[in-house]
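Structure provided below as structure tokens; questions to follow.
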Amino acid sequence: MKSFLEITNLAVKFNTRRGEVTAVTDVNLSLNKSDVVAVVGESGSGKSVTAYSILNLLGKNGWVDQGNIEFDGMDLIKAKKNLIKNIRGREIAMIFQNPMSTLNPIRKVGDQLSDMLRQHSQASKETAPKKIAQLLNQVEIKDIDRVKNAYPFELSGGMCQRVMIALALACDSRLLIADEPTTGLDVTTQKSIMDLVSGLAKKNNLAVILITHDLGMASEYCNKFIVMEKGRVVETSDDHEIFKNPQHPYTQKLLAATPAQNSKVEVLTPIPPEFLLETPPEPSEEILLAIEGLVKTYVLTDTKHKTFNAVDGVNFKIYKGECMGLVGESGCGKSTTSRIIARLEQATQGRVLFEGQDLNLISDKQFIKSEFRKQIQMVFQDPTGSLNPRHTVFQLIAEPLKRLENITDRSELDSKVHQLADQVGLNSELIFRLPHQLSGGQKARVGIARAIAVKPKLLILDEPTSALDVSVQAIVLQLLERLRRELGLSYLFVSHDLNVVRMLSQRILVMQNGKIVESGNTDEVMNNPQSEFTQTLIQAIPKMVS
Amino acid sequence: MWTQKLKLIGQRFALATPTLLGVIIIAFALTRALPGDPAVYFAGITADEESIQQIREELGLDKSLVIQFFVYCENLLKGDLGVSLSTGQKVSEELSSRFPASLELTLTGLFLALITSIPLGILAAMYPNSWVDHLCRVLVTAGASTPIFFSGLFFVFIFYYLLGWAPSPIGRLDFIYLPPPHVTGFYTIDSMIAGDTETFWASLKQIVLPAITLAVFALAPIARMTRSAMLTALGSEYVKAATANGLNSRTIIFVYALRNASLPLLTIMGLVFSYLLGANVLVEKVFSWPGIGSFAVDALVASDYAAVQGFILCMALLFVFLNLFIDILYTLVDPRVGIDG
Amino acid sequence: MANSTLKQLWYILSQNPISLFAMLLFGLFVLVALTGWMWIPYDPLASNTSIALQAPSAEHWFGTDHLGRDVFSRVVIATRLDLFIALSAVAISFVIGSALGCLAGYYGGWVDRIVGRLADTILAFPLFVLAMGIVAAMGNSLINVIYATALINIPFYIRVARAEVTIQRNLQYVQAALLCGNTHLRTLAFHVFPNCLPALMVQLSLNMGWAILNAAGLSFIGLGVRPPDAEWGIMVAEGANYIISGEWWLALFPGFTLMLAVFCFNLLGDALRDLVDPQKRT
Amino acid sequence: MIQTSFRKTITALSCLLISLSLSVNVFSAGRKDTLVIVTGAGVNSMDIHRTGTNRPSYQVAVNMYDRLVTFGVKSEGNGGFKYDSTVIEPELATSWELVDDGNAYVFKLREDATFWDGSPVTAMDVKWSFDRAVSLGGFPAVQMKAGGMTSPDQFEVIDEKTFKVKMTSPSKLTLPDLAVPVPIIINSDVAKKNATAEDPWATEYLHKNPAGGGAYMLERWDPGQQLVYKRFDDWKNGDLPAMKRVIVREVPSAATRRALVERGDVDVALGLPNKDSKELADAGKLTVVSSTIDNALHAVGMNLEFEPFQNVKVRQAIAYALPYQDIFDAAAYGLGEKMWGGASMKPMTAEWPQPFPYSTDLEKAKALLVEAGYPDGFSVPISINLGFAQWTEPTALLMQESLAKIGIKADINKIPGASWRTKALVEKGLELHLKNFGGWLNYPDYYFYWVYIKGHLFNSMNYDNSEVASLVDITLPMPVDAPDYEPNVKRLMEIGFEEVPMVPIWQPTLEVAMQPGVEGFVNWFHRQLDIRAFTKQ
């Protein structure tokens, strides 16, 4: 008997500015009713393309070049437009990443639900409101009346995703394709959304294809696994065996790189690098940075004189040679704190004592000329956006040397840049490339090389790996750890991901609503969290079931 | 939410004030810098020094510029725009009698442009890089590239002089008709109100050719904006999601894409409108249309301060109110305005 | 690297035959502007009343005008003047407008407000009428036509530069530049501004067309270019009186060439925008 | 589906457009007793005495008001008429005589003449109107002054129907000056009713509301668009006009005016460019009237403030360097009277204007320049009035080309019509310029009075010659049949020939095209429209 959904030998091509590009080849997938399949892979692996080709959503420039997709006996590739239209949303539903932008921004949520219901004749004008209430209730939305009459921008990301799920459930479809449904959401929200999806799937007997880059999430919620790399399926497994005993080297690499509850930075690659096997030096007792009563107040523009404290009385210290983790969800004030320390913003109140000197007392002009500008540097979140697209790698790394060290001699610059590139493991033939010709990991290395060029004492890492694939993240984390040990740097590691922070940091701060709610040694915080918020955070981390 | 929106509208009003002040100052400075002594101009053909001086005093031109400016502002507050020296009428009367003509023409042009260019833009966005897209692009660009004085002249030549399809280019109505009783000032509407279909057709015939000339010129910005906004909307996540949800293409294009695309379209309408008002000047010249554009050109040539200033103020006011209107419309269409703004 | 850009260019051009056409046309116009004086068949200024108002023929491809001058030679020679006016006007508005726009977008606050008001004030006038007023007030000369055309285009550069800088300012490379010890002004000038150039270049190309139209419109109503200099707008204006009497070639050829030039710049702007940002093409 | 709906919309739209265009009925000039005239310039006031009233508005004074006297009108045989400067005819006055040793005129007013409101026209009305003309200042006062009338004291009411004008000294210009458009007779009762303390002459009221007794009344005036006249059926001061209603529509574009008359949409097109007029005449479908304007010249002026032009040889060199025939062909299309190639440096007759004794001779021009000490020429801007670009532009272009051949480099300086007066006539600061002036009163001495006397408005050349000044002074009041008149005038012309501060090129014409069957266009010295004589079959 044929399975519920059967993809055989799928090959998809796209017409792009660089000519015809094959996105996936030879993809096979089969799934039965009530299966929850994870399609795992890093960016560019072709996992989303595979999902989109099921509903023929490849857009104008993409097409299925080869292969077959059969759904419940229907050939979806050769299907007429009308048939596909009726299958979309009715038989097979889909939810996407960035729920805020997948809902029509200027149409009320209720109307969008009603569009869907009426399109598929699930309700009439009269019965729609009742049905909508039912649906919203199903996705565990409490204040149904408010949500129904709300525009998407008035709802939180998690709420929007719930609405999307409600849309997907509206017609009792039998297959749900979830394309990275939790990307961009906070960890705690992630968990509740995934719990909801898996609960509903069980209840409604839904088959689910979960497309994700997160092995942890896959292992927690799915029962079948497909690993993809560069448009090909590299490994398939019908059970959790894959986590214990991965066959393909890529799966092994991926598995190693995925931070688990207990993984250490040195084991993020299948073969641990030598330098990390040495025992790390003990952090010194000397205080490098002390933050005292830091407050940052913003005036809200649309309302009269209403203010909002992004950072609300923060105190902490960083010792020399130490990595301090700063964790919190989006909007908690962690970025503002780091930007104030990096002197990209001015504090409203409080002191930033760097080696005993209050930086807030130095004017902007003086600061640029002072030693402190060299001593505090930063690595940014977005490896692409943080590199000037018109500068070559050489120019990018040389910029701080020219500006802050006043090195103008070309040969001196040349040797320094090469040395730095070498230090961060950047091949010297990449040195005259432009950012768009580099991979994500290479860009991250350039960012790090630039930051350490002027030999700073404190390096602020602002979510340095959140835009990277896990395998790249692993290498970058190892690089950072190596540099800290070799150069005796101190880090302030800002991230939303406790699991990542944990691996590099000796101590951890947890921030919520502009305040620090928990601080302590990494092991203490992870194993014995005191505040309720930290507990939820830790619980929300997907557990690798193995 | 509504109080917030009202507040926002109030803010827009406040924002317009410095613009208006700037306009008054620029208008004043500009017109005072015009060459040619109006006193000499209006003294008549055989006037001598003495009578010129007499007229100069009469016009207040012997006083300092600062005083002239304050006198002007004072008069302005009283709603007195002065007397146009070249037509001899009160500027306020002159403008109000000519304004409907310009507005009727501009709006008709805009309407024609909208009903042709929006479908064109949508078509082009639905089939990007197809022949439809290319054709649309070439057509609208050619329209925007044609100097309006050139197209106007050739339209008259072809459609009036050679083919005789269009009526003579002599303004809003042919000689044989009398203007309909004044209600809105728009001859087409007023004649409908009066139930005079003959005059209605006559005025409609007069307006078609100049309005088409204008519309051809305005096709491009609207069609291109429609196309790009539609492309953005059609390529957006929510359209993709709506497609995945199986909504039919009619709903997707009109309810999901077009309504979102109408927002950027709205914002350029103000610009298009002012663009058309500027183009009006030349069209009114070619078609002898008795609007404020041709009035302003004549006034400018005659160094007619009061008229030029009145015209500029009238335009600025119109523009400010138009933008306000667009803002309000925008607030009504886009629920997000006023919340995160 | 250069190779891939070329490849991309070729792809865009092959997808868009019209852009290709515009590029060729642009090359032709530049060539004509640069070399026209060498190969025109007649002196564009020499009158000969005995052959006035002759229809296009083998000797006079575009016919002759009311003074017996060769319309073809005049149309060709006018290319240089028209492109010169447009280019200088656009260059001035580009420099001033983008500088103001960048400052406004980068610093925000009162700088933004003042610059914004300035742009709004200029835009509150029907631009063509404003240009007329400026030329009439400052004196009827070519240089004033250039200034006037430049002034009315400034708001557009302000807008584009401001919008672009507002986007760029929030990208992290700006903060990285600051961390590298650049002052704000330096960051703006050497990091942000170059990244706004593509968008500004698109505006520049589109504005070239606009500037030509505007200058031609002004000379149509008798402002700016002085006879006997050949300029398309003035030639259309001179020819306008002869259309009804059947001497259509006086206005048609310069008018058509004018249209073609503006057309070419508009399409070129489109093509540039395609190259810079395919999503934004309008 | 969407496509089809678009297609439907577009089809519907094009159907609408086509049906619109097809249903257009070509309106041929209309009913028999209505005349439609298109003109380029618009009327801006109903009151010729008011400050700021433009020239086209003088037609209101001509058609809606009467004067005491008028000039005779003679047919030119081509459907057009021309005023006769030698004949003064009755209008409101039935007779007049010179009294008090030629120091005053006494006019008898028509007994049954009434204003539009039916009230009789009295000498009091005339007095009030003339007082107004000399009191309001500005243009009317200056024009009255040319006829020797400067003060209300000069106007006296003898009885209801008898009126006296006293002159300060006898002048041949006084009577003709009463026939120009300025001294109109206003219904003083109506005017006084609408006068205020600040505005005793009712300028505000009369500006918009004519109050007269002329042949036509105002039916409708849309400033900037049209003026509609309605016949005053009780008009007694002349033959009752044929047309009951006359529509004067403003159409600024000359080409459109031509198209309108050529397609038969209007009866009369005024102010046609010479070229159109010539072509329409050649086509033969329309009646084209082309007649010269008395006492008017299109000329090149040379400003004596500019150093080279102080040398008479340079001025003569310019006069020899002008490409007269080319200009006449390209700018005038051969219409008008040639003003070059005169036989001798001494005028044979007192006829004015007459050709100046210059013609194109570049050799001679070059030689004169060398003699004058400018062998390499010099450079000088040619200033032209954009308001008259039709003729000034081609003329300047051809001049420029020709002057270059004798080494004079001339750039063309275009001046908007509005600034022309200030720059050319008031500041008198234009070095080389194209000028045109026409004297309302057709006497050569009147022309010299305005143009050749230092400080006078139209002497844009700053020409100063004491002999001319004294000759004009003596000749101006002199009757034409006085023995000294002809020699004086000849001498003036001789000086003009010899000294050439201005070089006339041609005497311009007035061009009008009319539908066949329409007749009665009158070429007046004031060049404005007189609708009273029009007839239509």
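Points worth noting:
The first chain written gets the first letter, and so on, giving A, B, C and D; residue counts start at 1 in each chain.
Methods note: a residue touches a chain if its C-beta (ideal position, glycine included) is under 8 Å from a C-beta of that chain, and two chains touch if they have at least 3 such contacts.
Just so we're clear, the structure is a prediction, and the values are computed from it rather than from any experiment.
Each step here moves to a touching chain, and the least such steps from chain B to chain D number 1.
If each chain is reduced to the centroid of its CA atoms, chain A and chain B end up 50 Å from each other.
Note on chain placement: the centre of chain C and the centre of chain D lie 43 Å apart, centres being C-alpha means.
The mean-CA centres of chain B and chain C are about 23 angstrom from one another, to the nearest whole unit.
Looking at chain D, residues 253, 255-256, 259, 416 sit in touch with two or more other chains. Of all residues in chain B, those that touch two or more other chains are 34-35, 153, 161, 285, 301. Interfaces, counted as pairs of touching chains, are A-B, A-C, B-C, B-D, C-D. Contacts from chain C toward chain B in the complex involve residues 15-18, 117-118, 120-121, 123-129, 132-134, 136-139, 209, 213, 216-217, 220-221, 233, 236-237, 240, 243-244, 248, 251-252, 255, 258-260, 262-263, 266-267, 270, 279-282. The part of chain C that touches chain D in the complex is made up of residues 45-47, 49, 52, 66-68, 136, 140, 222, 226-228, 238, 240-245.
On the chain B side of its complex with chain A, the touching residues are 4, 128, 236-238, 240-248, 251, 255-256, 259-260, 263, 333-336, 338-341. On the chain B side of its complex with chain C, the touching residues are 18-20, 22-23, 26, 30-31, 33-35, 129, 134, 137-138, 141-142, 144-150, 153-154, 157, 161, 220, 224-225, 227-228, 231-232, 235, 271, 274-275, 277-282, 285, 293, 296-297, 300-301, 308, 311-312, 315-316, 319-320.
Listed in rising order, the residues of chain D touching chain B in the complex are 1-3, 6, 9-10, 13, 17, 20-24, 26-27, 30, 36, 38, 42, 44-45, 50-55, 137-143, 146, 207, 222-226, 247, 249-253, 255-256, 259-260, 263, 265-266, 416-423, 425-426, 450, 457.
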